[in-house]
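Listed next: structures, encoded as structure tokens.
Below are two complexes that have chain A in common, paired first with chain B and then with chain C.
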Partner chain A sequence: MTIAVSADVSLMGHLMRRAAFGAQAAELEILAARGYDSVVDELLHPERIPRPDEDLLERYHIEHSDEEQGKWTGARWMFRMVNSPRPLEEKLALMWHDVFAVGFSKVVNNPMMRSYYDMLRDHGLGNFGDMLKQLSRNPSMIYWLDQQMNHADAVNENYGRELLELFSMGRGNYTEDDVKACARAFTGWTESQTIPRYPNGFYDSKFVYLEEDHDHSEKTFLGETGNFNGDDIIDIIVRQPATARFVAAEIYDFFVSDDPDPQAIDTLAQVYVDSGHEIREMLKVLLYSDFFKEARFQRVKSPAELVASTLRFAGEHRDPYDFGLVPTTQKTILMGQQILNPPTVEGWHTGREWIDSSFLIERVNFAAERLGNPDANGVSEMTDRIAEGKDSIAPDDLLDACLYELGSMELEDDTRHILMEELGLTGDVRCELEADMVDFRNLVARLFGLIPATREYQMA
Partner chain B sequence: MKVAATQIPLPSYPANRNEYPTPFRFGHRFETSVGQRLASEGLMIPIDLVIATDGMMYVLCRSAAAPGIVPRNRFVPVDLDDEYGEEIIPIIDGKPQEPGKEFLSSPVMCAMDSEGTLFSTDEQANVVSMFKTTGETIGWWGETGDGPGQFNAPAGIALDADENVWVSESRNHRLQKFTRDGRYISGWGEFGAGLGQLDHPWGIAIDPINGTVLVADWRNDRVQRFSPEGEILQIIGRPGSGEGELKRPSGVTVDKHGDVYVADRGNNRVLLFNPRGMFIESFRGDAHITEKGYRKLLANPDALRFRDNVINLDVEKRFVAPNAVKVDANGLVYIADTGRYRIQVYRNRAVALSPDQIDPPEMHPDPVVY
Partner chain C sequence: MSGKNPVLVCLQLSGGNDYMSTVIPYGNPLYRDFRKTVGIPDDKVIPINDTYGFHPSMGPIKDLYDRGDVAIVSGIGYPDPDRSHFRSMDIWHTAQPSEISPEGWLGRTIREIDPDKRNVVTGVSFGTGLPRAMYLQGTPAISVSQLEGYGLLTSLAGEEQRTALNACTRMYAPVEFDEASMIMHHIKQTGRDAMTGADILRTAPPLYDSTIEYANNPLAQSLRGIAQVHLADVGTRIFYAQIGGFDVHGNQIATQATLWDTVSRAVADFFDDLKEHDAAEEVIMLIFTEFGRRVRDNGNGTDHGSGGGAFLIGEQIKGGMYADYPSLAPEKQLSGDLQASHDFRSLYATVLDQWVGVNPDPIVNGHFDQFDGLLRPLAA
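== the complex of A and B ==
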């Protein structure tokens, strides 16, 4: 490393990779000057910043005006990942989407998928019990797990089982009788029938509670007995130690590392209990912890994170007018993740499973193409910053400067060596005169285009 | 940064109340709806339309269906009986545009001249393109930029009595006038919220009575009327969702009495104002299922059962994001119910009163017009 990078900027780069979708060095320097406390506080309180009006996005993508296709909500979400001044709520929505996985493949109704995504976004930082209660009332989830077929006289256990197994406690922490009691408590929780999409498009659906279709008899659930309804069941679930560990492990996995650390998870589980199940409090402790601050480049970026962060560096899709938001968002499919369409109720297999030979090629090619374009707004901005005030720049310094611009990245020595060899520079590169800049821009873009092939770029 | 709206009041419009006829408005009658969500014999995202003299509608569709398979840009001819003609898609270098790689990918609005030539704006290609109703692509004119005659996201389009072409540009925040073959004549407009300033203007219309130019000042939630030379004459509507209020209006048209229809897209409705800017009535949609829709549903037992279980079918009638409104010489009002893949048609039953049928305006005080 030949350029001195302040510890504050480096830490801010880490924070923005994890709690946001990455940031160029120019932004990191501003945030670092504000201080870690201030930035964390703002991230944890998105409600203090109004959500931007997205009328221009609707305006220039009018072909999606009735939200008929799930991929438009996915694209809108990608736009928010790239541009939202409240990135943590988008990040958390992404996390919960994987935990409480619902897919367009079965729901086939985008207004419903949009309400599901809105629910994740609106409640992601709140109380876990409230989130589960909202989830249980969401028409997409109801349809996804057949809750509309869960009747007092014909119980369907699908939602009740997944609520315990995948959404809260995890296997081994309840019995089959608990599953049955849970399902019975949710009888009568259903959705209004939507009008069929033909001939005039999709309509939304609403949660409906049918008192007459609810099993009002006594139930015994996790050792407690009563005439439980769905909310009573959730109140019992959120008090379980297994739930505390489950939520802590999900948050740790998403924000810290693909390799679990039992001690750190215990710490977060205790915050869950002490705070009354508040996700915001858990994240606050996490973001100030050493185990978070030290976990640099230890988490494989999901395809959505990789695409969003690359677009942010490249400066693409900042303007709602920009064409091609849907196909750009769809690039994540080739990397193994279609937003709003997980393969099963289990969500995606994350971490190193994002990296197989074909996915990796797509990941590298996507980022290399975007960052290797000298005309891309973000690439041009970063190049200008690198050249600013210099007559020429040494090859090692040029690599350092590019890494710094890409969110204060750090590479292992071997990787640096390979990149330098690939670059093949024998002397300083001139960047003083306008005439120098054409070649300089192409060279820098070439280097930016090589960096996505590094392990570190693929990690957060 | 947009400047704050000025509070300077405009003189009442029109200066001469006798400039416009006084109609006796006794309500619009819902006539019919045409179109369904089908790539063939349907209207995939109908964003605007024109009505030919023979009554055929040419509906400009910007499809989101099956990108790469269904062209994004096409005119769909359809009549009031929901019968379809041959679609008109752009032909470039002798070949139809390849779906997914279209040059003319993003049509916004359309107009028709007296010879039946179709004109449409394209906000990505930054051109006005022209087609014959028989299907031929005549060509296009325009180039990207912010200089006189150049375009940045052309949107609304209308022809005046001299058949000059008026175009609004949403990203240059202005209006420009051209000859039909694209020669620049004049233009004005600047970004802002003040009197006469524009913020992402969208649909435009020419008042058939006096040639004034009305524009849906989309992001200012109002309609503004200008003289053909660019003098601001009137503001119609104000931001909101109440009576006579507008939320992101996209389309505007003026009928033979000077009454102004506004596609109040963000409020999922169409509003009618009189020439003085007074709110008259609103339309929220009254559509029924078309014959084609009926027949298709009848062949789908599962969809019929779904419908039978629906609690509220009232929403089926209503507009979703109506993008444009047009009128014809016979008093029909056509509303592009964009989010519901159809055109809803009303009949305006207003008749102009002769001076001996109504007191002269001088005998009654003018009401306050907001």
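== the complex of A and C ==
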């Protein structure tokens, strides 16, 4: 290897894969020069950077303002994953979307799905109790789990159960009676009727609390008794040790590794308790921890991450007027993840289950096609950087250079040997003259297109 | 008889199908008491007899029933029912109610059928994602979202594609199991199976010719894909398809009607298709869901319950109603739910032993009594 990958750039590549949506080496070098502390601080404080206005996105993608279907909102989110200067809030929204899974398939209302996603984005780094209180008032969630049918005289347990099972403590930490008490405490929490869709399209809905439809009788929940309303229940939930472990495990799983490490999860759970349930504080400890820094390539990329990071490498959809944002976003569906439309309230099965025979084929085919295109902006830029200042490059160095460009990626030795042998390069590749560059660009694109076929590319 | 191998198609209804509005106890006065708002009126029910009838959307299934091809198995469940979708579905997938298991019952079945892994398409699932039921570490099972155009690196051509596929063949070549990186091992095995499976399955669509026009919805298209692969005779013995949306806490009347319309038409089209190709007798279909729903409705729908029912469909099935319909009497209910009379593993064991022809005990984690006379084994 002739390219010495500095440890700082390599660590920055890891940070960007996990806390953002990946970055080319050119960006990593700039970030590494700024230093880890500064980059982490900026990631954790997205509020310091204004959100870009999205007038152009709406102007060039008329489908966004049509909002007849759910996929458009998914495309908007994909654009933000690729381009947001505040990537951690998009990343966290993706995590919470899997935890507090709501799907367009039932809500069938785009403005409502937008306000759900905005809620995840706006509160994702905040206080967990605040998040649960917002979640319980979100019209999409209310409709998704039938809260509008949870009446004082006819209790609907759906939300009450999932709040305990999937959104906080997890099974085994409460009884069926707790579920009933929880559901009763949320009676009367409903939403306003939306204006009919025709002739003017979809309208947002608002949270409504109906005092007269609330069960005001005494409830016993997790050993505490009182005339609890929904917020009281959430105040009790967030104090439970099981909730601390739950939040810690979710964050660990999303940011660190598919294999749980009980010690690391305990550490994060303690931060949850000590900080008064602040997600930002948990992430801060996490991003500085050895267990995070050492966990390179320990997570299977989710389809959204795989597509967004591939687009960032290929330099596609940087501009709102690029065609094809919607079909590109829809590629994640065949990989097992339709953004804003999870299969069930449980969200997606992640980790190993992102890889089955059909998903793997879709992942490889998508990334190989995008990165194997010599004309793609990003591929062309990375190729120029590889050739810059050189007359020729040895085959092994060329592979290293490609991996370095792709966010300081690493391959197992066996994989390297196979790629080099099948590529069959017999000598140094020339890249000095303009005349060399056509062949060089095609060759490098071919190599960029092969790397997504490796197992290693599936991991972040 | 044909000497054909028996084939099992599993159809999963996700979300907890409400058994009481599928096989409706319309002749039981308690049904009206408990289902004041989501009850199906007598004149809409498709009667089976004076007491029970099919949901109004199930006409095509009733036709199959009248041919004697549908076994209705009531009161199926497991001890200490879990009302979580996910845990309950896991239990059905792993045949393991008492602990979390990563091994699917159909994964184990595939291993029994093909222990030497001679055919990676012994098990094929259609839809988005391989269900846990089909998963077993080390045993191949193919998941297909869409049969047409299925394959690796299809955007490449010629020498470039050959080189890339050669690299993939080598990168995903088998190695001894490496405990140190379970995930990388899993990706390797999946990649290898995917490549082989794609090569085999690609042969099916060009061979297929049928007069049946399946509906344009994911379930119907999945069953069409299953028909294509089955008719291509590539040795698939276990198929899987699924449809979701049965979690009808609200708006039950309309939702249930649409769902069962979709299921009934797709299933009937599927069997008609096989029949047209003289390939129906070797196929049975098991339709199941993770749980039934509460006996009493909640004003607009029904909440999670237990004690649902299952269906077996096929020419070799001896049609009729099996097992007693769970009692609706309040004192016979299990905290407001139907009380299951038979363990679902009895049904699995029956199918595995009497149809698939493998020893069910290690697959379903114990010895369970089987149903008698539910199906006629294929003659060898």
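Quick notes on this structure:
Everything that follows uses one rule, which is that the second predicted complex is superposed on the first by the 455 of 460 C-alpha atoms of A that agree within 3 Å, B and C clash if a C-alpha of one lies under 4 Å from a C-alpha of the other, contacts with A are read in each partner's own complex, and residues count from 1 in each chain.
Just so it is clear, a contact is a pair of C-beta atoms (placed from the backbone, for glycine too) under 8 Å apart; a residue touches a chain by one contact, two chains touch by 3 or more.
In this text, all values refer to a predicted model and were calculated from it rather than measured experimentally.
With chain A as the common reference for superposition, the partners chain B and chain C occupy compatible, non-clashing space. By the touch criterion defined above, A:Glu369 reaches chain C but does not reach chain B.
In the superposition on chain A, A:Val326 makes contact with chain B only, while chain C stays out of contact range.
Of the two partner chains placed by the overlay, only chain C lies in contact with A:Met149; chain B stays clear of it.
Working from the superposition on chain A, the chain A vertex angle toward chain B and chain C, CA centres, sits at 100° in steps of 10. Once chain A of one complex is fitted onto chain A of the other, the partner contacts of A:Asp384 are absent, as it touches neither chain B nor chain C.
Counting the residues of chain A that each partner touches, chain B and chain C differ, and the larger count belongs to C.
In the superposed model, A:Arg171 lies in contact with chain C only, and not with chain B. Contact with chain C, but none with chain B, is seen for A:Thr344 once the two complexes are overlaid on the shared chain.
Of the two partner chains placed by superposition, only chain B is touched by A:Tyr203; chain C is not.
Smallest inter-chain Cα distance, chain B versus chain C, after superposition on the shared chain: 10 Å.
Those residues of chain B whose C-beta lies close enough to touch chain A in the complex are 36-38, 42, 45, 47, 62-65, 67, 72, 105-106, 108, 123-124, 153, 170-171, 200, 218-219, 248, 266, 287, 289-290, 292-293, 296-297, 300, 303, 306-307, 309-313, 315-316, 320-321, 323, 338-342. Across the complex, chain A is touched by residues 14-15, 83-87, 128-130, 141-146, 150-156, 160, 163-164, 166-168, 170-172, 182-184, 186-188, 190-191, 193-194, 197-198, 244-245, 247, 249-250, 298-301, 303-304, 335 of chain C. On the chain A side of its complex with chain B, the touching residues are 55-56, 59-60, 62-66, 68-69, 72, 192-201, 203, 321, 323, 326-327. The part of chain A that touches chain C in the complex is made up of residues 105, 145-146, 148-149, 151, 154-158, 161, 165, 171, 176, 258-259, 300, 333-334, 336, 343-346, 349, 351-353, 355-362, 364-365, 368-369, 372, 412, 414-415, 418-419, 422-424, 446, 449-450, 453-455, 458-459.
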